[in-house]
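Both complexes below contain subunit A, partnered by subunit B and then by subunit C.
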Partner chain A sequence: MKTVKSRVFLVELILVILFFALSTAAVLQLFMAANRQSERSELRTQALVEAQNMAERLRNTEHPQTVLDKEGWSAVASGPSTCYTRRYDRAFQPSGEGEIVLSVTVEQQNSEGGGTLLKMKVAVEDTADNGGRTLCSLDADRYLPGWKEGAR
Partner chain B sequence: MKASNRFHIGTGVSSLIMILVVLCLTVFAVLSYTTARADAALTQKSLDAADAYYRAASRMERTLAQVDGVLAAAAEQAGDSQTAYLAGAKEALLKLDGAKAEQAGEGLTLILQQDLGDGRTLRAVLDIPPAGDARYRIESYKLLPVQNWNPDSDVQVWPGE
Partner chain C sequence: MGNPVKNAHSVDVVFAVALFALFAVLSLMLVLIGVRSYSGAVERSAAAAQTRAQVLYLSNKVRSADQAGGVAVRQENGICVLSLAEETDGEPYETLIYCHDGKLMEQLAAKGDSFEPGNGQEIAEAASFQASLSQSGRLLIQVGSGGTVRSFELALRSR
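Presenting the complex of A and B:
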């Protein structure tokens, strides 16, 4: 009688362990998905903060190209526009080998009023995510009037 | 008969414990995932709001470039006549999309608006002097709600006196 009871308990225990393993595997998938989602949200929020900081800096500078050149950003000219890039690690610290790329595209246009329209775009890209995924992109155009003393 | 003091787990107890543990794990996992989804939605909302603002601000800068061009052309046409300059400028500025120009003192006041599309609008008020070094001066640059706020006066509250 005792042996039968032990066998039943053993079979139950095996079934419990099997079911628990399967359930845990499914629940872990859900935990991992939540973690991935959370990490992505954090990265996008940080990207937005960095992009906004950069956009505000550029909008309050009369010569953004000079500022970016002085800070040692990598520049690539393409037609009328110039693309400045800088790499960051995932904690958004400047790093030459970083996976996050902050890029600033600047294009100058002369206006009919004699001023200059600076067309600027700030974008943050995660190069490690499926070969490149834009986390955030902001327009930061600025018009600089070209008034001279005594002229209207 | 002597009672046994040995600890004994009956059949089914382990199943019950397992069901309880799995249920708890499932609830925690679902809660984590729901929170993560809510965070992602909030992040997306912040991104959309920032994007809408910067797009509107960029459109405003392009409109300022247009205004500058219009004022330069009006000044060229009017020559030395301030009256002709202001009249020509007002007529040309009113043709700009969403612009409102009106006489204010000796000069003009120009109101430019850029809708953000989420219940907010970017509004710039420009002062256009009849003469001087600058063609315009930005008097105010504000982000405003599209709808006016109507306070609920149904509830009687202490006025403070």
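Presenting the complex of A and C:
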């Protein structure tokens, strides 16, 4: 009788542990998802600040493309627009191998009034997240009166 | 020789206790993992909120006061103060933003009043606050907290 009781207890304990293991697997997945969301949110806040900073710098610069060229940003021309990029690590410190890419896409349009409209888009992308996820994107258009394309 | 029946019972009991102990240890580990995950999420959330308070709030305040002569930086009793001018009922007032006692403070005062750092309202935690305004209208603000200094710049439209 005692043997039967102890075996029943053992089986019950094993079932409890089995249920605990299944629920642990589910709960751990939730913890990991919560952590990921929290990290993504923090990264997005930092990305917004950096993009805003960049947009303000471009606004305050006489000739944005000249400044970007001088600072050594990687430039790729594609049709009428040029895309300047720079890599950062996850703490938003400049890093050649960083996963965060800050890009400035500049498109020049000469206007009939004699000036040039610079249509600029500042974007921050996380290349390590699902192959590339845009964290934020800002438009920073600027009109330069009396400045013609090519006259940098 | 021992009693084989008694030995079998001892093994049963030991196994059951060991299984129960394993269950207790794993439960404790799960709780500890949960605590660490939750505290990490709370810390990151607090840091993001502080960034938003310091950077985005200040940006919006400066933007709303961005008019000719509306934004100025000066030193008051050795404290760097960002002054944002406004007019209410024809009377000139200014919003002063500065760092005092480890806090970023904001104070609305009539223009020309003496500066009392303790009279302000707390905005966020900040160990230091520095601002500089160039002739071209580039306002550079640096706010230090938690051992790091976060800097951001604004291009004043009024200059």
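Just so it is clear, the second predicted complex is superposed on the first by the 141 of 152 C-alpha atoms of A that agree within 3 Å, B and C clash if a C-alpha of one lies under 4 Å from a C-alpha of the other, contacts with A are read in each partner's own complex, and residues count from 1 in each chain.
Just so it is clear, contacts are C-beta pairs under 8 Å (C-beta built on N, C-alpha and C of every residue); 3 or more make two chains touch, one makes a residue touch a chain.
What you see is a predicted model, and the numbers here were worked out from it, not measured in a lab.
> Which holds for A:Ser74: it touches subunit B only (first), subunit C only (second), both, or neither?
Neither partner.
> If you stack the two complexes on chain A, which partner ends up touching A:Thr134: first (subunit B), second (subunit C), both, or neither?
Neither partner.
> Now for A:Ser41: first (subunit B), second (subunit C), both, or neither, which partner does it touch?
A:Ser41 sits against subunit B and subunit C alike.
> Return the chain, subunit B or subunit C, that is in touch with more residues of subunit A.
The partner with more contacted residues on subunit A is B.
> One more residue to check, A:Thr66. First (subunit B), second (subunit C), both or neither?
neither
> Quick check on the superposed pair: does A:Ser6 touch subunit B, subunit C, both, or neither? Answer first, second, both or neither.
Touch status of A:Ser6: second partner only.
> Kindly classify A:Val27 by the partners it touches after superposition: subunit B alone (first), subunit C alone (second), both, or neither?
Both: A:Val27 reaches subunit B and subunit C.
> Have a look at where A:Gly113 lands relative to subunit B and subunit C in the superposition and call it first, second, both or neither.
After superposing on A, A:Gly113 lies in contact with subunit B but is clear of subunit C.
> I'd like to know which partner A:Pro145 touches here: subunit B for first, subunit C for second, both or neither.
First partner only, subunit B.
> Name the residues of subunit A shared by its contacts with subunit B and its contacts with subunit C.
Shared contact residues on subunit A (touching subunit B in one complex, subunit C in the other): 9, 13, 16, 20, 24, 27, 31, 34-35, 38, 41, 45, 48, 52, 59.
> Show me the residue ranges of subunit B that touch subunit A in the complex, using the header's touch definition.
Residues 9, 11-12, 14-15, 18, 21-22, 25-26, 29-30, 32-33, 35-37, 39-40, 42-44, 46-47, 50-51, 54-55, 57-58, 61-62, 64-73, 75, 85, 131-135.
> For the complex, which residues does subunit C have touching subunit A?
Answer in residue numbers: 9, 12-13, 15-16, 19-20, 22-23, 26-27, 30, 33-34, 37-38, 40-41, 44-45, 47-48, 51-52, 55-56, 59, 136-138, 150, 152-155.
> Which positions of subunit A touch subunit C when the two form their complex?
2-3, 6-7, 9-10, 13-14, 16-17, 20, 24, 27-28, 31-32, 34-35, 38-39, 41-42, 45-46, 48-49, 52-53, 56-57, 59-60
> Going by the contact rule at the top, pick out the subunit A residues touching subunit B in the complex.
Per the stated touch rule, the residues are 5, 8-9, 12-13, 15-16, 19-20, 23-24, 27, 30-31, 33-35, 37-38, 40-41, 44-45, 48, 51-52, 55, 59, 111-115, 117, 136-143, 145, 147-152.
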